[in-house]
Amino acid sequence: MQGLTAHFGGITWAFVLDLFTDYGLFLVSALGLYVLMSAGQVSLGHAGMVGIASYSAAVLAVKFHVPFWLSLPLTGCIGMVAGMVYCYLLGWRLSGFYLAIGTFAFGEMMINIWLTSDYLGGAIGFSGIPLLARWPVLLIVLPPIFYALWRIEHSRIGLAFRAIRDNETVAGSMGINVARTKLMAWMIGGFITGLGGCLHAHRVTVITPTEFGIYTSVTMLLAILMGGLRTFWGTVLGAAVIYFGPWLTTTSEPRDRLMFYAALIVILMILRPQGLLASRAAR
Amino acid sequence: MPISVSDMQPILTVDRIEVRYGKVVAATDISLVIGKGEIVTLLGPNGAGKTSVLKAIAGLVAPADGRIAFDDGKTVHELAGKPGHVLAKLGIAHVPAQNIVLPRMTVEENLEVGGRFLMSDRAALQRSVRSLMDRFPILAERRTQYAGLLSGGEQRQLAIARALVAKPRLMLLDEPSIGLAPKTLGEIFGLLKRINREDGIEMLLVEQNVVKALELANRAYVMRVGAMDFSGPCEDLARDERLANAYLGS
Amino acid sequence: MAEYLFEQFLIGISTGAIYAIVAIGYNLVFGVMNVLNLSHGAVMMVGSFGVLLLFYLGIDNFWLAVAFGIALALVTGLLVERIAVRPLKGNWWNIKVATLGAAMFLENFVTRLTDGRPMPYPRPFKPVYYTIVGDFEVSNVQLFLIACSLGLMVAMMLFLRHTTPGKAIRVVAQNPDLAQCVGVNVQQTMVLGFALSAALAGCAGILNAVTFGSTYPFVGQFLGLKGLVILIVAGIGNVRGCLIVALVLGVLESFSVVAGGSQYRDLVAYSALVLTLLVRPHGLFGEEGRTGREI
């Protein structure tokens, strides 16, 4: 008990609120990936897409002084366009592992472009973005996203997503327009990711290219794999495990935390191969 | 239906095996016997579980229940549950229905692979490969070509030749007629007959092409979805009207 | 200028050769098990730290330390196979996630042990510079590294082509069921493939550390990703293609540094990858039949 008090002793309400806000922001981007994954569009470079949105939001805010409430939907639309580009270039041409690698490479390419761009701050990062994404913003942004995802899940388009995830050929033969369904998934996923990227930029105030690398992508992917692909609530839960898990696992030494956390991933994969909240046939 | 085995010396005895994939039962209560010198065919409609039975005998899937005994002339081996490579070492050569050659190896390499993991004597392996190339002139002609580039009939010949490299006791053939033109099919079946006579190798043949299979084999077994339905000499099967209507499509 | 270019060319060849070893390591595991082992980079890192560990323990012999480093990488690789691959029964997504978890574990474990600082690395011998023609110089360390990497590659190709275990690996890679029919112990061959891949990873980690004169716990991420790029560009399952692509990429990278600066290095690699995927989704030397679906 004493250990627990020591472990949680330094925690204040402000800190918990901060942690939840960070979780909420992470969740928005992860839900964008969930939409893609639910249609079988495995992305291993999702952080790159978040980065595109974050840099757009940063440019809008700092260089063009666009107000936050205008920039948020605008960035969402930029995310949607980015999703379309991803779909034209990668989603329609590649599938499975090659799609995962293609999105990964695309993300790394973007990082290297940001690194070499002086306009965007290069390796030092883009700074001076106003800190606006506090917890009340999340209360406004998250409920509509949840509602939209819930509606999608129970509609024909959700069914079409699941169908092309299970088997593109069969889905096509059942009269589903595979190309258009993929495009829909990339656009919806891109929009949500765009919102997530904008919120992220306005949360951290300084964005650097390397934070949108493979590790962030994999963390988001893990959140979805943990939750399973049956429902987006799985992602909500999975993201919570990914985000809060490290805080609960062990001592205050951050490296120990990551170590135990990594071990947890391996164990979960062995014990719950279908994810925490998934039906048996989900994958 | 009783099987008369009194007058034969069985080299393979399959005793009431069951094959399942997870919860799905592919075949149940399957018994069959192969006597010395015999070619036995296992017939039945698509999805009856013939291939599963063959895979169980070859050790590619472990039967969930039942026994499989194999007499190699010296001792009787219990096969059920042993992995495929162990059975290959006992002299059971399995030629699957599809993907029967190693496409990115040459014809000669394919033949060599047939004995490389089964024979310790490298010189004997070379002799065996050479004698098989004499016997299958088309393979000698194509020896440096990649096996993936051969025609269907040539691939089938290569697969059969490869199975012979290590001088097996028993051959398990899964649909050797699949994808072959009628003329090639005749050649392959003639080849099998010769191998049976000249090398004294027993065969278990799973077939869709019932007419050809009955011509070649001494005895037949017929499976209906997951279970054994008939067994007996091929002439009896051809005469059995009910079966003929159900399976032979005559 | 010419001698500078020549130097960059040599650097390109030697890094390219290391990339090739990494890519072949992926290829071996992918070939025999049809899974992507994302802990490959971490195993390289373990190999490079194994050398340091022996020095730390007071044994001052470079070659013994190298042998120990390779052995440590091999054991680590086998442990990963036992814990994070075999229990998952071929489920390719889960294996990817689990091996990534294993990589994170190893990296943070070594960080914990070493404080995460880059560690200076011993050299096999004092560098001596030889003049070839005019101002063209080459050091014995450089020559040694290139000879080692290329030697390893050639040895690997000969092993796969001519020895019985090498043939077993090739047969399993082409058709595991057929492999059983011709008497190959598939399970054993898979473990062999994994072990070889891990030993190669150890070699690559050590060669890389000697090249740069230092190593750090996250060195495997950078190397592992490069290896993956080469694997995809060359086409999965193609050893010779890997070697060619790796050498070309190594040289391209070091010339892009000459042309633009070090920040263009990775841009070249990843742009090449995106371009390849757009033009030839199965890689430059890959085969149509091998879809990425099962990986």
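Observations, loosely collected:
Letters A, B and C mark the chains in the order given here, with residues in each chain numbered from 1 onward.
Assume contacts are C-beta pairs under 8 Å (C-beta built on N, C-alpha and C of every residue); 3 or more make two chains touch, one makes a residue touch a chain.
Keep in mind the model is a prediction, meaning the values are calculated, not measured.
By the document's definition of touch, common neighbours of chain A and chain B comprise C.
When every pair of chains is scored by its C-beta contact pairs, the maximum goes to A-C.
Nearest to the overall CA centre, using the mean of each chain's CA atoms, is chain C.
The greatest centre-to-centre gap from chain B, using C-alpha centroids, is found for A.
Inter-chain centre distance (chain A to chain B, centres taken as mean C-alpha positions): 53 Å. Put simply, the C-alpha centre of chain B and that of chain C have 42 angstrom between them. Separation between the centroids of chain A and chain C, computed from CA atoms only, is 30 Å. By the touch criterion stated above, chain B contacts chain C in their complex at residues 58-60, 83-85, 88-89, 93-96, 99-100, 102-105, 113-114, 116-118, 162-163, 166.
Against chain A, in their complex, chain C makes its touches with residues 36, 83-84, 87-88, 91-95, 97-98, 100-105, 108-109, 111-112, 116, 221, 225, 228-229, 232, 260, 263-264, 266-267, 270-271, 273-274, 277-278, 281-282, 291-293, 295. Of all the residues in chain C, the ones that touch chain B in their complex are 164, 167-168, 170-171, 174-175, 177-187. Those residues of chain A that touch chain C in the shared complex are 89-90, 93-102, 105-106, 108-109, 111-113, 115-116, 122-123, 214, 218, 221-222, 225, 253, 255-256, 258-259, 261-266, 269-270, 273, 283.
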